[in-house]
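As structure tokens, the structure follows; a few thoughts come after it.
Going by the order they are written in, the chains are A, B, C, D and E; count residues from 1 in each one.
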Amino acid sequence: MNLPILSIILLAPLLAMALILFVKEENSRLIKSIALIGSGISFLGSIYLVLAYDYHSAEFRWVEQWFEVPGWGIQFILGVDGLSIPLVLLTSIIIFSGVLVSQNLKFRVKEFFALLLLLVAGAYGVLLVLDLFFFFLFYELAVIPMFLLVNIWGTGNKTYAANKLTLYLLAGSGLVLFGFFILYFVSGLNTFNLKDMLELASFSPGMQKGLFILFLIGFGTLSATWPFHTWSPDGYASAPTAASMLHAAVLKTLGAYGILRVAVALFPEGAHYWQWLMLSFGVINILYAALCVIVQKDLKYIVGYSCVSHMGIVMLGIGTLTQAGLNGAMFQMFSHGIMTALLFASVGYIYEAKKTRNLDDLKGLFKEMPKASTFFILAGLTCLGLPGLSGFVAEFLVIYATFSVSYVFGSLALLGLVLSAIYILRILKSSFWGVPSDKSTAPVGVDHNWKTALPQYILFSFLLLLGICPMILIQFISQTSIVLLRGY
Amino acid sequence: MSHLALLNISVFSNFVAFLLITFFLKKKEQRFLAAKVAITLSGLGALVSCVLLFQRFHLDIALTASVTWLKWNTGELLIGYYLDKVSLMMLTTVCVISFMVQMYSFWYMKDDAGIRRYYGTITFFSWAMIFFVVSIDLFGSYIFWELLGLASYLLIGFWHEKPEPRRAAIKAFIMTRFGDLGLLAAVILLLVKLKTVAIPVLITAAGTLLSPQEVFWIVVLLFLGVMGKSAQFPLHSWLPDAMEGPTPVSALIHSATMVAAGVYLLVRLFPLIAFSESAMTYILCIGALTSLIAAVMALTEKDMKRILAYSTVSQLGFMVMAIGAGAWQGGFFHLLTHAFFKSMLFLLAGYFIHMAHHSNDIFSMAKVSYGTKSKLMVALLWVGSLALCGLFPLSGFLSKETIFGSLMEGHHYGVYGVALLISFLTAYYTTRMAFIVSRNGEVVDAQENSLPLYMKISVSFLGLMTLIGFWIFLPALTEFFHLHSEWHAEQWVNFFITTIGVVLAIGVSYFYFGRKQATSEKGWVSFIPGLSGLIENKFFVDHFWKWVVDKGVYRFSRMSFWTDVHIINVIVDQVGLTAIRCGKKAAALQMGQVQQYIITAVVVSLFVVIYLIFGK
Amino acid sequence: MLSLITDLTFLFFVVVTLGGAVMAVGLKNIFHNALSLALTLFGTAGIFIFLRSEFVALIQILIYAGAISIAIIFAIMLSPSLSLKPSKRSVTKILISLSVSLLVFVALSYIFIHTPWVVLPEMVGDNSVKHIGEVIIQRYAFAFELISVVLLVSILGSLVIAQKDKKTTIQDSPND
Amino acid sequence: MWFYSVETFLVLASLFFFSWSLRKEVHLTLFHKLVGWAGFLVLLSALFSFDFRGVFFQEVYVMDGFSQLMKVILVLGYFITLFLAQEVKDVDGKHQPEFYLFLTTSTLGMVVLVSAKDLITLYTALELASYSLYLLIPMRSNGKGSAEASIKYILIGIAASGIMVYGFSLLFGLTQTTYLNEIAAQLPLLYQMPIFWVAFFFSLAGFFFKLSFFPFHAWTPDVYEAGNTQVIGFISTVSKIAGLSVLIRFMLLAGETAHVLDDVWVAIAIATMTIGNLSALIQKDLKRLLAYSSIAQAGYLLVGVLCISEKGISGAIYYAAAYLVMNLTAFFIISQLSKNGNNVPTSAVKGLFKRSPLLALTLLISFFALAGIPPLAGFTGKWFIFSAAVNSGYNVLALVAIFNSIISLYYYLMVVKDAYSDEGIEAGGLEPIRLKPAYQIYCYLSIAVLVVTGFFPHLFMSLTKQSIAVFF
Amino acid sequence: MINDITPYLILSAALFCIGLYGLLARRSLIGILIATELILNAANINFLTFSRFMDVDKAVGQIFTLFVIALAAAEVAVGLSIVLVVYRNFNTINVEKMDHLKG
């Protein structure tokens, strides 16, 4: 039975959002359960995708076409392949745990969940749709709810952060929009259908170089490449937990996914021409952001900057343009997403319990809240690339690929490992180990019971599973990276 | 039972204990049960490893079993076992010592609240160490190499309430992590060149496939990792600070197993290393330098555990020097013997500290009267110290003799001289410690608690191994370690020189510390100008690393954050503000005068018309 | 001789029109402006006769000169704008508008002189009122109807606005 | 054929309002219900007459696909204005019938404008539409503000129409005809003569004024700020689209030869967009903000029109329809926010989600659509226009337009942010807004329309494609 | 002189420019209304000159003029009533005083 699985995954959050709009504000229990069911359905759908996908063929599966706009070359066509299935799974994991994390939200529950589901629907859309028009439609749909989420539920100077976040990302997407139009015009196929373009379109080298850099910068702003990253620490510091979880984990990967799906797949000469730029962006990202973390005092800023540093690894992996590099990049997208979500979830929990995120006045958390801090420590260990957790596999593959391309960039990337170890352990030293501050001043942190810790359990189990046997994810990606690199 | 099953049991027994402790025995009152479970399981592992030793020692073929962990078009990584003679011996040593230490630490940690967390981490560490020893793939060993670093970080910082253990733990982890980069780089370079890093391949085919220049660089990077983990010269300063952790931890990790991992890796990959002469000499020099410096630093040390730590660094340097000089069998033999007597000495140190009301200072231990000190412990202390000096009947002598013998055969007279100097210094500071600790002080401590039997068994078993253990296995070991069953002239000459050196050192230290009325603390060091000052500052190594971290890392991070806030953010904000400023100007154009509007409209239309007329 | 007289009369009407126009715009007193506007309108009516569209000249005199200028004069008389002392003139504005209009005039006349108009000196075709009526009814009937709607709207509108009483119900937020 | 046409129904509606205006006292509530129904009838006639085709009065008046489609859009705007203007608070009771009469006559003028193919009918229709609007502005009883706005509006209006008539006379002289298609046919051989450029640009002055393009845009902010909200909604949408349709008709007739004016159109489009967007950034009054935003939107429409390709113009028509719904909803929200019809500062929107969640959602949807945020119709319209611009080679123009819409995001998002955030307001400060059932239905309808046409554009696009297919 | 086209065109251009000057320079509202009348008259002269001298249906030019005259009448009516409203609110008809709406 060929049940339209992709449209179910895409529509479940949208329907849940629509339903939530009609529920009255008071019964927040019902709202939360609707949100849970919505994200749960997409979760099951994505698990079905993972199980039913055969790794040998790399062409698009479960392709559905709903309607098309004649004359404009626009059609609503869904399809998924080895590259997007893991990311769809990642999105559903994150939204499911995001909804679980914000179960104890009291303030304006209805709008919160509606916006969250809209954001995730945007993310699903980008991953599932194969038409440039709807790709861009969902791409911007995934950015806009973040503006309201930060403005209403945020902390700190949230208006500035929300404005900067939204306008920065939309300026980047402006470039992408312009790129799509040029693509439509130059490809000569008179269609926005990415599937046909991937198979039939061929571009002149000059055009490839220009378009590649355009998409690199356009998508790069979303995946926080070095000069265009300043929105991400401020944005995440003032965003609410679930929103920053979703944005850091899913939307950043959408940026990298965009680079892979559009730029790398269509423009081989362009990629080779700009390879040095991607490598240097990646390495600068890793080192620069890791150095910035060391001087941070606010936990959310730390996670924000470390997220930028890890996206540098993805960019580096893509920059190597080798199969190992791409596998490493895609693996890092998945593992970074889960890790950052876990980091944000635990920081959010600590913030709820201790009402402060400043390292100086958090003392001896491990003694006070052992379970909550173990999750942060485990996420920190993934972040510094401890073997046995998924962070290490991705970093190893990317650094291996960079070494096979150029020793200089490889050794610089290696330095990043030490820096990440330094900043993670400094955090543990200053606020997790040691004697908790005296009870009178700070509120006593109540530790997790299994219900509040459920999302963190889910997230960590994926980190551990992928750390121990990474082949599950690699076999998805290796076929697609071969196809992606066929032009090289 | 097949050998593979036995191997699985010995490897995963500790892991099962770790799982049981962390996930099932969580309640407070179950903490002692957890300790007992850990000890029994590691005991089982030790027993099985001994059985495996007896069954497989005579076989020449290696037991390999592996599964593909990660595969892509240009490379493949395996996880599994490669059990040849070297790894078999190392496996047994590690299992036995970890069992003894866990038994001892039940006594040591009985009244500590975090005993459950302690046993959880110790079992995790033992599992990681054992799997590292037998792993088939250099990449697999790198994975467990990192897990060792993590476990040592958690154990050093076990008493994380106090600030010093926290600082020591992070220092240890960062330094070893810096070293690990070298190992990772070596692994990657090998993978790039040979598409696989399985050790059997490396040992046999690697030398031929790679150019000598490449082998040199790979070995140097590999050695950087070894320097980090086995505390060689520039990266050694974390080991003395690591004494902040509980003493059984130092006994297991910082004497026998983890620090030995680096040397063991060199031994295992010796066929690859042998291909590059320059790399061998490089290793030799670093080993010699480390050994000398550590020995000098131990001369005036007052803290018993630090003395033992410096002696470990020195002995490791000694083994690395031996390997550098080509005597890898001697180095490996010394590694095994050293593991036994050094862990015994640490356990004894634990007893003496416990007895001297938790103060590490050997002079405060000296004040305790004979009555309170247990006679067995003092005897074992002397056995361990003399083994460390390398005196005749003890295992230390056997391994040192082999090293001196192969140095003599290889005609490395310079290295032979340095080795002699090191063994003289080692004998001096070890016997200095032994004399001071075993003095008959006047303080009589009433409540002399009798030591439980299992604690006595664990320490004395290690003592037995140093005394007679290796003599029993000597016939089996001779052909592997090229020992000379019957001695010719060279062996005798070699024997006399070393023994004279050691006896001379013992005499000097008796003169300064052994006699009743001896009161001096620093001995002959106080006569050499500037040396004690140099020792105080630990040869300025710590200052160097502090300078690197502060000047290097923190300055750059402040700089990069400054650029982030002051340059990139300012540019971004300015873009926004210019838009708003232009907005103000554009809005100001609307002055409200109607005729002004019409004038502008007419003038603009005129310009357009003129442009059209002349433009077209 | 006859052509001399026609030229002279033509010149007379041109002078009347332009003079009236200049006075309508130049003079200070608003009443004089209105009167000079009427004068200009009579001048243009004369010009129309020269252009052989007598009916339009008649309409011009009847409606334009008659009704519209009178309406303006009524407006001036009713509202005490006469008594308002004219405030000082801003010289820059006059200079700018003078220069703009002179520039336009020079450009236009230069262009008119130099464009090759396809001209038939002798007037051919029927410019009788009957023909005008036929064409209005056939071709521009709809526009003709619309004109009636326009006139209705303007009359009704000016009535509604004029009789609106002074009370202001709402006060907008001060913008500046 | 003529009986069911839009023009007749509009005349009937104006007669109906005229009869009401003759009564001494006006029973307001009953009257307002009838107003809604009258508008609905006219809309029905427009829909019914959608597929009328024919040429009347010796090719002066034509009903083709394009004109009928534009008539439907215009009358839809008219109906929405009437439907939402049921209780006009700032026009005193006894002049209400005239208020609606002038609205109807203005729509009649614009409807004729769309189908006129001859200068005279064009001029008359334009004047009818303009004069009715000139009279609507002063009807608002807010003293100085509306007086000043109306005088500015009429002065610039008659100046523009004066220049336009002079341009028409020159055009008449050059082409010896008043028919648009004949003028268009003679275009190629007219380009050498300088007089043509004077004539052409002068005659465009009237439409630039209507569309508030760059040189003639200055009146818009002042008039929008002081005019009655419903009328301003009508002016900003229906009268702008009428001007646009004349421009489109001329572009369709001129066809390829109109490309000679490209760089002028591009300059005007860029100037209009940038001035509109930049000055809107710092506005404090909502209506003035929407004034500048409507100037910017006119710039986007011009981008679509100047491509003179089938894609460009159908995209522009789609965007015009979407713009109509968006702008009318935005002005509707302002009218609901203001207590007795007075102006509303942007800070008055604060905490709207508490006062009336539905109104807040409508504001969100309409402002996001104006900003061009997917999945709403605004975004899809902009996509069509910009992709048509890139298709016809105007890459720089498309890039400037994209970054203009990003700049415009700022002020739209700030309004939405204020609507959904409530800090700085003490607890009891917000009295809830009661929406009449009719208005609630309108809110749901407008949200549905904007979202559905945004996501499924193909329904409306096939209509626009047919209507202009005959010209390409 | 009366049979060639240019003097008429020059006259209409002159009238147009004088009207334009009046539109831009006059400060009183009624002055501006008068100026627009002049511009419309200039257009009328143009129409009639072209219908007289060009090979065109004579009636069309004249009809255009008639329409222009009719609409001018409507325009004056509306203009004057708005001037009245302005005068009632501002007590002046000086156009420079009306700049409250700006920014």
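Methods note: a contact is a pair of C-beta atoms (placed from the backbone, for glycine too) under 8 Å apart; a residue touches a chain by one contact, two chains touch by 3 or more.
Please read all numbers here as calculations on a predicted model, not as lab measurements.
A.B. asks: How many links in the shortest chain of touching chains run from chain D to chain E?
C.D. replies: The distance in steps between these two chains is 1.
A.B. asks: Identify the chains adjacent to both chain C and chain E in the sense defined at the top.
C.D. replies: B, D
A.B. asks: Taking the mean of each chain's Cα atoms, which chain ends up nearest the overall Cα mean?
C.D. replies: Chain nearest the centroid of all protein C-alpha atoms: A.
A.B. asks: Comparing centres built from CA atoms, which chain ends up most distant from chain D?
C.D. replies: B
A.B. asks: Looking at CA centres, what chain is most distant from chain C?
C.D. replies: B
A.B. asks: Taking contacts as defined above, which has more of them, B-E or A-B?
C.D. replies: A-B is joined by more C-beta pairs in contact.
A.B. asks: Once you find the CA centre of chain A and the CA centre of chain B, what distance in Å lies between them?
C.D. replies: Spacing between the chain centres: roughly 38 Å.
A.B. asks: Provide the C-alpha centroid distance between chain A and chain D, rounded to the nearest whole angstrom.
C.D. replies: Roughly 42 Å, centre to centre.
A.B. asks: Express in whole angstrom the distance between the two chain centres, defined as the mean CA positions of chain B and chain C.
C.D. replies: 104
A.B. asks: Roughly how far is chain C from chain D, centre to centre by C-alpha average, rounded to an integer in Å?
C.D. replies: Each chain's C-alpha centroid was found; their separation is 31 Å.
A.B. asks: Which positions in chain E touch two or more other chains at once?
C.D. replies: Residues 16, 19-20, 23-25, 33, 44, 49, 54-56, 60-61, 63, 67, 71, 74-75, 78, 82-83, 85, 88, 95-96, 98, 100-103 of chain E touch two or more partner chains.
A.B. asks: If I count partner chains per residue in chain A, which residues reach a count of at least 2?
C.D. replies: Where chain A meets two or more other chains at a single residue, that happens at 163, 167.
A.B. asks: Among all residues of chain C, which ones touch two or more of the remaining chains?
C.D. replies: Touching at least two other chains: 93, 96-97, 100, 104, 107-108, 112, 117, 140, 143, 147, 150, 153-154, 157-158, 161, 164, 175.
A.B. asks: Throw together a list of every chain pair that touches.
C.D. replies: A-B, A-D, B-C, B-D, B-E, C-D, C-E, D-E
A.B. asks: What residues on chain D touch chain E, complex-wise?
C.D. replies: Contact set of chain D toward chain E: 119-120, 123-124, 127, 131, 134-135, 138, 143-145, 147-152, 154-155, 158-159, 161-163, 165-166, 168-170, 172-173, 176-178, 221-222, 225-226, 288.
A.B. asks: Please name which positions on chain A make contact with chain B in the complex.
C.D. replies: Going by the criterion above, the answer is residues 163-164, 167-168, 227, 230-231, 288, 291-296, 322-324, 327, 366-367, 381, 386-388, 392-393, 396-397, 399-400, 403-404, 410-411, 414-415, 417-419, 421-422, 425-426, 428-429, 433-435, 469-471, 474, 478, 482.
A.B. asks: For the complex, give me every residue of chain B touching chain A.
C.D. replies: 68-75, 139, 142-144, 146-147, 150, 153, 157, 160-161, 163, 166-167, 169-170, 173-174, 177-178, 181, 184-185, 188-189, 191-192, 553-554, 556-561, 564, 568-569, 572, 576
A.B. asks: What part of chain D is in contact with chain A in the complex they form?
C.D. replies: Residue positions touching the partner: 310-311, 353, 361, 368, 373-375, 379, 383-384, 386-387, 389-391, 395, 398-399, 402-403, 405-406, 409-410, 413-414, 416-417, 420-421, 455-458, 461-462, 465.
A.B. asks: Where on chain D is chain C touching in the complex?
C.D. replies: Within the complex, chain D touches chain C at residues 11, 14, 18, 21, 56-58, 60-61, 89-90, 92, 95, 98, 101-102, 105, 108-109, 112, 118, 120-121, 124-125, 127-128, 131-132, 134-135, 138-139, 141-143, 145, 173, 193-195, 198, 225-226, 284-285, 288, 340-345.
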